[in-house]
């Protein structure tokens, strides 16, 4: 099922600007690596400050970056003057997240006028002697809602 | 359906110690407020450093604290020498999270030998002139797994 | 959080009529036992025709009745001329479903203008010597959407 | 991430026999169309007997067939003497399900010793003048558990 063409030709700049307004992304040192129609990649370093009790990345912190990747993948296909809210998401945790950094990939599965479904994958990346290996550690499905006409929820 | 009696009489100290080992809890300034059999309350302040682009608490940060409340509610009923992993969770976001602080309440719904189901509620608390109002902003269902015999996943 | 008063004073008759139009409810011999504001109870017999390979009720058939209970709980609070669609649901299966019949209870947790969150519990009931015991076998969270102005999705 | 080789060389026959023991599959006239390592396709006709109140396929009936596809995809990779239980699933409903028949495709995403994650897609198929069009109407993520040593849950 092909995705619709973005309604907002300026979607990449709009999404990058919005990403940068998020205090939470600075808190976890996340960066937006790529943004394209229906697609977004976020990365963040794995450090002790985002750990749970066994030293792995806390599932909620991983979710923070993964929800962001899914949300912006969805936002690329929304109108220029819209806002976006997440209605719900579900995360399956497949392996403890350890390594050097996390790569979070969000993709739109179905873009509707009001409701957009995005899917996300989280990979833990470990680089040894210049060779990077990646491991799938979690998946997400997220339901995003296009918000129009609410100034407090825009961009 | 009554919950089983904790197998570990020392569950409260064990859970508090484990909570304090989490870098992620310090990152978001979360505190364990209460721990009882099958029950855990976590609180965290709402500050710009945990915000998404509209100024509300990022859904993932809220999830970080809520998953912790659900996970420790489950952990209270697990054996002393076990570890806990979250298999999956699902979050429904009911209202933008704004106010002074978040209160996250996790409760065990069904404790099995291997699989425990916990449910969580997230409330945004706002105090004006000494009166605190709370608003339900999100709910979670979480599936936790009891891990035995894996030294890397203990406590 | 109190639920809103139903906008449609005739909600019970509207929901019962809608329930009776469902071929799927006849297929699984389900009945609407109770309908009140934000609340619905459905029951169905447990027979070999709804079983999975081990003889328990198939999780999907249980979901059929539980989604119906959640959906009508939500529909009671929607306008008279609206339709309802389920956006998503999640089911946790806590015990194999066996016994004489299933009781499915749906309750609204939060009713919004567009989005309503309902929660459901499924109980397996077994009657021995006139005494009925019930066991929680599954839970659901369901996101329902109010549909207005689409004649194909009404009632 | 490549899937493991099936431990049971006879997995296809085992899964087909197990499918045929399900009363629920007969009730909805579902057939197992394909079974391969980590993969299963189920089909069922769309008739008024599986409808909800607007005439579309009831989301729960669709879930019944989709859960079956996901479950058998997972079961192909489990030991010969194991049983399978679904711990939880989540379904996103993307479009009303209408047409001639449903095709449900289940694929394993990650197979673990105890926990297997499967993903499923549901397509509504409509054939006009010999040409069949398909439309994605729902997706599922399902967590399946390998059960060993419980005679009541085998096959």
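For clarity, chains are labelled A, B, C and D in written order, and residue numbers in each chain start from 1.
The working rule: a contact is a pair of C-beta atoms (placed from the backbone, for glycine too) under 8 Å apart; a residue touches a chain by one contact, two chains touch by 3 or more.
Worth saying up front: this structure is predicted, and the values here are computed from it rather than measured.
A.B. asks: So chain C and chain D: same face meeting same face, with over half the numbers shared, or different?
C.D. replies: same
A.B. asks: Using the touch rule from the top, work out which pair, B-C or A-B, shares more C-beta pairs.
C.D. replies: Result: the pair with more contacts is A-B.
A.B. asks: How many angstrom between the C-alpha centroids of chain C and chain A?
C.D. replies: The computed centroid separation for chain A versus chain C comes out at 33 Å.
A.B. asks: Using the average of all C-alpha atoms in each chain as its centre, how far is it in Å between chain A and chain B?
C.D. replies: Comparing mean C-alpha positions, chain B is 22 Å from chain A.
A.B. asks: Can you check how far apart chain B and chain C are, centre to centre, with Cα atoms defining each centre and the answer in Å?
C.D. replies: 29
A.B. asks: Tell me, which residues of chain D touch at least two other chains?
C.D. replies: 87-88, 90, 92, 143
A.B. asks: Flag every residue of chain A that touches chain C in the complex, lowest number first.
C.D. replies: 87-88, 90, 114-115, 143, 145
A.B. asks: Which bits of chain D are touching chain C when the two form their complex?
C.D. replies: So the residues of chain D in touch with chain C come to 18-19, 21-24, 26-28, 47-54, 58-61, 63-68, 83, 85-93, 96, 152-155.
A.B. asks: Any idea which chain A residues touch chain D in the complex?
C.D. replies: Interface residues on chain A, with respect to chain D: 1, 90, 92, 94-95, 109-110, 112, 117, 119, 135-136, 139, 141, 143.
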